[in-house]
Amino acid sequence: MNKVVTFGEIMLRLSTESHLRFEQAKGFTATYGGGEFNVAVSLANYGIDAEFVTRVPNNEIGMCAVKEMRKMNVASQNVLFGGDRLGIYYLETGAGSRASNVVYDRAHSAMASLEKGMIDWKKIFKGATWFHWSGITPAISDSAAKACLEAVKAAHELGLTISCDLNYRSKLWQYGKTPAEVMPELLHFTNVILGDIDTAFFMLGQAKVNPDYQDTNSLPVVYDRLFDWCPNLKTMATTLRYSVSASHQRIGGILYDKKAIYNSVVREATPVVDRVGSGDAFMGALIYGLISQPNNKQRIVDFSVAACSLKHSIAGDYNLVTLKEVENMIDGDGSALVSR
Amino acid sequence: MNKVVTFGEIMLRLSTESHLRFEQAKGFTATYGGGEFNVAVSLANYGIDAEFVTRVPNNEIGMCAVKEMRKMNVASQNVLFGGDRLGIYYLETGAGSRASNVVYDRAHSAMASLEKGMIDWKKIFKGATWFHWSGITPAISDSAAKACLEAVKAAHELGLTISCDLNYRSKLWQYGKTPAEVMPELLHFTNVILGDIDTAFFMLGQAKVNPDYQDTNSLPVVYDRLFDWCPNLKTMATTLRYSVSASHQRIGGILYDKKAIYNSVVREATPVVDRVGSGDAFMGALIYGLISQPNNKQRIVDFSVAACSLKHSIAGDYNLVTLKEVENMIDGDGSALVSR
Amino acid sequence: MNKVVTFGEIMLRLSTESHLRFEQAKGFTATYGGGEFNVAVSLANYGIDAEFVTRVPNNEIGMCAVKEMRKMNVASQNVLFGGDRLGIYYLETGAGSRASNVVYDRAHSAMASLEKGMIDWKKIFKGATWFHWSGITPAISDSAAKACLEAVKAAHELGLTISCDLNYRSKLWQYGKTPAEVMPELLHFTNVILGDIDTAFFMLGQAKVNPDYQDTNSLPVVYDRLFDWCPNLKTMATTLRYSVSASHQRIGGILYDKKAIYNSVVREATPVVDRVGSGDAFMGALIYGLISQPNNKQRIVDFSVAACSLKHSIAGDYNLVTLKEVENMIDGDGSALVSR
Amino acid sequence: MNKVVTFGEIMLRLSTESHLRFEQAKGFTATYGGGEFNVAVSLANYGIDAEFVTRVPNNEIGMCAVKEMRKMNVASQNVLFGGDRLGIYYLETGAGSRASNVVYDRAHSAMASLEKGMIDWKKIFKGATWFHWSGITPAISDSAAKACLEAVKAAHELGLTISCDLNYRSKLWQYGKTPAEVMPELLHFTNVILGDIDTAFFMLGQAKVNPDYQDTNSLPVVYDRLFDWCPNLKTMATTLRYSVSASHQRIGGILYDKKAIYNSVVREATPVVDRVGSGDAFMGALIYGLISQPNNKQRIVDFSVAACSLKHSIAGDYNLVTLKEVENMIDGDGSALVSR
Amino acid sequence: MNKVVTFGEIMLRLSTESHLRFEQAKGFTATYGGGEFNVAVSLANYGIDAEFVTRVPNNEIGMCAVKEMRKMNVASQNVLFGGDRLGIYYLETGAGSRASNVVYDRAHSAMASLEKGMIDWKKIFKGATWFHWSGITPAISDSAAKACLEAVKAAHELGLTISCDLNYRSKLWQYGKTPAEVMPELLHFTNVILGDIDTAFFMLGQAKVNPDYQDTNSLPVVYDRLFDWCPNLKTMATTLRYSVSASHQRIGGILYDKKAIYNSVVREATPVVDRVGSGDAFMGALIYGLISQPNNKQRIVDFSVAACSLKHSIAGDYNLVTLKEVENMIDGDGSALVSR
Amino acid sequence: MNKVVTFGEIMLRLSTESHLRFEQAKGFTATYGGGEFNVAVSLANYGIDAEFVTRVPNNEIGMCAVKEMRKMNVASQNVLFGGDRLGIYYLETGAGSRASNVVYDRAHSAMASLEKGMIDWKKIFKGATWFHWSGITPAISDSAAKACLEAVKAAHELGLTISCDLNYRSKLWQYGKTPAEVMPELLHFTNVILGDIDTAFFMLGQAKVNPDYQDTNSLPVVYDRLFDWCPNLKTMATTLRYSVSASHQRIGGILYDKKAIYNSVVREATPVVDRVGSGDAFMGALIYGLISQPNNKQRIVDFSVAACSLKHSIAGDYNLVTLKEVENMIDGDGSALVSR
């Protein structure tokens, strides 16, 4: 059986209910999430053996995050305890023409003060076949970036497949380095990348090219440039998001494997219950597809888009859907009738 | 004044709030409902004298169901107390491309162990002019099917109009008989049927015909076959449901009285607050129409479609709308402006 | 700095959650609002020095209303305490084809028993440049109408700009006088009016004309008749509302300054979280625009329409949005992406 | 079977949860109650045929009150619809040394504008054996006082037993008459009175005597004076309340029938979930006792004290307990073990 | 490290909030619990490797129970999926003189239809040192009793220590056998029993003796009789509960090991947040004590009483306290000051 | 009129409801509080002109804190915006023998990075007569300690009365200095101190003396030593807390003015709704007493103890009671009857 290890930060998410603004809320719904953890949950839901590696403070709030991992069937036995605090993000869910609003309070977190050498990757990777990281970890602190590189190198040495969701966040990268100084070495070892082309170019220190994702002739050319810079890259996928309003999104996707472009149908996501984590839902589905049916590239991108689209109907950070629910969406008529 | 008696099971409905999945919910909203009870509530709301006959366990949860009947102005004086438990169904309300999900826990209910002879139908039908049952009761157990037949025969003998909502549920019919073995005799005495043609054909043990509901020429021909098999049938109606997504339904309807086809305008129901019970809302409106203005068939089907459509905006099983609200929908411009 | 004084009633609003009907609700969400207070909150949110003058009962519920003013940064030092009760309105928020429903319980309120002479307007208007009232105050009682006229006259004498939202409510005006007997004198002193043409004609005792708001040729002619009857009128604006359903509104707007007609783009508001107070959001934005950039009429009407449209995504009576959020809506692409 | 008619006002009760102060509450729990309605609910719970007569506004909020009556199995078919509004009271439940706080907003209610002649008492009293009123109705308005007298006289003429809970509320009696001007005539026809001696003396226009309820020698003498002034009086009962704190009450009771004094054991009520309506719980139990076992006076007062005490554990205005629960309290050991 | 396996039923618990009665509740708080699962949670909280074996239906509600196990760090890999339904119990939490009320709806559960041979105990017991069962499993059905005996025998053969909480429930044992027909063989193999003496006597088919738990002279004599009948018995413990009211309990405990009686201090539990599961809290602590410090019998009983007492402050079925919290209670002054 | 300026940190408080443990909570109730802010709220409630000076981050969460100040009628115009984050504390409210639990997440807050020179105290103190600080501010960071000293010196120079609540928190003081290195200079300028004697001794670098607060002979001697070390000290008060359990506290107090000892009656606080902030309630009442009736020392300490005791019945950090409510407690019988 395949075992996937994902690595990143888990945060306490404090969100208002019923589209309330922060100042209207009497309280916050508390859940726990973070890009790489969300990927692990998706994989566990699809039946993959998933483990999440992170660092949380050694207090009751850190334990709440660990209990969430357990409940979601994500292995947590290598989670480190230490540091000052669990990172937080406050979320106000928008509606119609009002966007959702995220206020980060993740500075000085346990994960931000993680340092190279704290984690015994050799032990963790025993029996694992896949390692997933994202562009968030190298963005939070210099020491986290170094710890991430350590992990990527160890995974590469041990022959694991390495995937990365680029996940560029302009509000991060505050510690004095630019993505172009940090990401190229990390991406050098990476085999699967999820992200749009211009984000990748930017992180690799290249000028943006504003590609036309509908032009299947020109598209391979620009993707190929990424493959040139990332010698281990085998698969690159891009989520296409068309935002009609905060309550109505259209989701498409592209997968390129240096041989061909695979385009999925565009799906409507309306009304949007919660779009946070929909990119992670795509990523989790992509890894699942590449593991379970590596040769059916069209199915992989269709599965990823369906999973991403379905996530918009789920509250919370991660995609609480079963394999069967995603497959029904691809194979069915989309009428979403009551099952009874 | 007309008095309508409806007969069937009432269940405790445990639903999650705010589109949460079962595992996310800290608790359940508790309401009480069931197809035939929902019909009785619609009738009571429209000013008809309605009574509901069922069997509930002799404990506090059974009493909660009775108190719901009372509150809704549905007479409950002939409800039987006994049996093991009140049936339950768990409901997770979908959104967008995610369907609602129902988990039944209705086996071994008080109603499933109801037996022929337990109910004094002669006493109950005193003063009544209409009896309503549905295809759910004969589907839950052999003894319930027999008790249902006893009721239908008694109603027929006493000259009541008998209506039935076919309500086929594939998850029921687990006790060893097929619909075709049970339903024909029950439908034999029935004067008004709500259901689609193929469900009726199936329940009568006939091959499905996949009728074209838009073809008003061919449609009477297939409806007529039903009238042939059901000698007491006077009116047959069909709800037409077009499902865009879990949050967007389109509702139409057809009524046929052996003389003419009456087609209603198709109405948009979006966003869907709760679609459970929308068929019962159609049924309740249909009975109301046939009682209150029997000669205006077009108005009856328009009223039924409007009531069904409006139900999608109401949380819970039954249609909490007034006669005036449904009539405003038919006669108004649909703009749904604030009344103030 | 500009200081705006608004004057009117503040009510306790008791609304059901999650589209529940009154009889389904276990309780009510309690907020405080009212047309003219809502305008003051909008102005405070945009950085204008705003004060609200009203009368509330001298009990804990009256104090709750005052605390809401304070929280919203609306000056409340001249609020009067007295009278029997705080007016209430019950609100059931509709969905889809079901309209929202308001039940008023505002008779005998502290504001309805306000009398001329109770308020020292000279003191209050010290330092103020703008006075806002609406058609609700003269509609609730004869004494309130007289108190309103006193305020309008005082504002006029002291050279303040006077604005009015016509706000016709057919359920009010129960005290024996018609709008045509009361409103003309009040509008005589008014410089800015928000309302549709036929409401204005009706309140001025004129026959309605059913104007075509799309016909920019004929429109100035009918607006001009209002300017003739209201000698101090400088600006007239109209909110155009197209109601697709209770959950989907389209909002446009027109501004006329006797020289030109300014038409804004029509904006979609869907799903509607809460449309109560959307007219007040337009009014608050209009005053802000006229104060902050009086010569950019097109921007003023665009800003007002954007603010009004955005209000539909906000729960509660008043428009909890920042200046920047409204401006982003005008200047952006409307995609409402998550800010992070 | 005995049928009891109770008559009085039903109000919407808006209470904060979890001991919150009004200004902390995001909303109110909504229930419906009132002294005489609460008595009817107690009686219905004990198996007595109970009807409540009142007047509510002809709107959705009035209908909510009627649905509460129905749910509680209290007959409501003679409830009048009319008037301006349903009376309200706001409740903040105290704890420890902080008292509960009630803010009344019941002026101008449908019941306050009830007038003599509106109710057909002859029809209502058909089949009834008991009529219950309280000192609240004559306290709310002159017309309500007159309507109350009309009812009492009709009941007397038709030979019903008449009971009254004195229920003195100093915040009422605002319409220009004192209790001493109104109550004597009403009490003249009354057969059962619940109240303390000094309240009765005060309402009868007599000087207070500050009786010693522990002194069973002197007590009959003062009770006898009441029997002299009220020629139809047969039974007088008094609830004895010792208030340790808002969360801890001690409840006793006395019954006097002109022959003997019956004293019950004093019961602890701690913690207090809700003490509003505990007097009504005593009254309802007293009527039940006098009807069901008129010759066992000791049991009657014990039953009344137990019911009153138990009410302190029930949220809301009325006493949601069964006959068996009260009897278990009298006959059991008070250990309140889980029943399973 | 020690590994403890517990075996029994897990149920969905549906409880009302804030002391509401069933008919007042708009919904239920949903948690999952059951005597033997609760013991496993206690052990996991104290750092013991705990596994729970049960059978749940193969649907979403069954999976919710499993996710609760995972979250609580109780191993669930041998849980069986099958059967009709998850058992339910409805809970209304009392206050003061009103007892809590439990309504069982556990008939026909997945666990009740468990049969001998379905579970591979040899595999499960690999590495385990302790097996815990309770008197509930043999009480729910004949097949469950047989499956329980199979487990007990397997544990005995493999040399595990076997513990049992007698847990007599009069509402169970409905399948045609009495405890005296079933329990003796099960207790024959049991090494540790929790229960009061007369319950043990009753289950062993002996006449009750009504022992005086304060009389340390006579007590060993009656305990010894149990040791005679149960040849493998090493330790017998009894929880002593003094019920002042539903909100105030006093908890003591006794341990007897055939050599000496160990009595703990009696602890006050007031106010009671939730007493369901407090016996299981005692049992879990008892096993922990016997494993971790087998020779300090006084500490074991003190620890068990402290854990049981602390449970009364915890909502839900199981005892969410840490080892340190229980130890602080024994070693501290009981002042329960805020930790900050 | 007197104006009091208080200075310190305001935090977001995230608390669980209904005594839930952190891991059971689906969310947190959000309020805003902090020792010195709580004092300001008490003063505002008693009619004193109160201002709070602090530093909050320039984001939506910081603005929520400011809106809380406004709502509570505490002037906020000199609040600084800047820094990384608003400090947080998580609170789990205990019950019975389970203590409340606080998890701090206040490191790196906006207030911790406040620096000397950022605040224009001369401007702020214009018109003020009293300055209040507490031992928390110098405990959170070196720069905050220096900023605090700057404030104290400015207040001293301008002749304000200076009060301090010692508020020792062992979890703070992590930045490398001990209280004895920092507090003496701050206390040198202080005129009123609230705290127990040994905390004061410890902060002044003296050995603890374990005084007997019941011995009114020896007590002045030890208090006098503090007066010797703090040359500006005029009044010293101590809250006496006897903790029966988390749900039952007893509160007393002592005031010493170098002339005499004033002892208040001890008050019961049970059940405890929320004891956080009860010390601040004492402090706020003490300042109010010293301002409003400086010569009635007995009344001052009685008022402070009553206010502190009453706070235990109020949810949230600050004491939401009126002057009248505290006075009623001193002058009344403590029976806490419903006011109606």
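For reference, chains read A, B, C, D, E and F in written order, and residue numbers begin at 1 within each chain.
In the analysis below, a contact is a pair of C-beta atoms (placed from the backbone, for glycine too) under 8 Å apart; a residue touches a chain by one contact, two chains touch by 3 or more.
Here the structure is a predicted model, which means the values were calculated and not measured.
Novice: Identify the chains in contact with subunit D as well as subunit E, in label order.
Specialist: Per touch definition, common to subunit D and subunit E: B, F.
Novice: By label order, what chains touch subunit C and subunit F together?
Specialist: A, D
Novice: What is the distance in Å between the mean C-alpha positions of subunit B and subunit C?
Specialist: Chain centres of subunit B and subunit C, defined by C-alpha means, are spaced 45 Å apart.
Novice: Averaged over CA atoms, how far is the centre of subunit A from the centre of subunit D? Could you give it in whole Å?
Specialist: About 63 Å separates the centre of subunit A from that of subunit D.
Novice: Which positions in subunit A touch two or more other chains at once?
Specialist: 18, 23, 26, 67, 71, 101, 271
Novice: Just say which it is for the chain contacts: an open line, a closed ring, a star, complete, or other.
Specialist: other
Novice: Which pairs of chains touch each other?
Specialist: Touch list across chains, by label: A-B, A-C, A-E, A-F, B-C, B-D, B-E, C-D, C-F, D-E, D-F, E-F.
Novice: Mind listing the subunit F positions that touch subunit E in their complex?
Specialist: 18-21, 23-24, 89, 94-102, 104, 169, 171, 243-247, 271, 275-276
Novice: Under the definition above, what is the set of subunit E residues touching subunit A in their complex?
Specialist: Residues 67-68, 70-73.
Novice: Could you pull out which subunit E residues touch subunit F in their complex?
Specialist: These residues of subunit E touch subunit F: 17-18, 71, 267-273, 309-310, 312-316, 320-321, 325, 329, 334-340.
Novice: Any idea which subunit E residues touch subunit B in the complex?
Specialist: 14, 22-23, 25-30, 59-61, 63-64, 67, 84-86, 88, 90, 92, 101, 103, 105, 107-108
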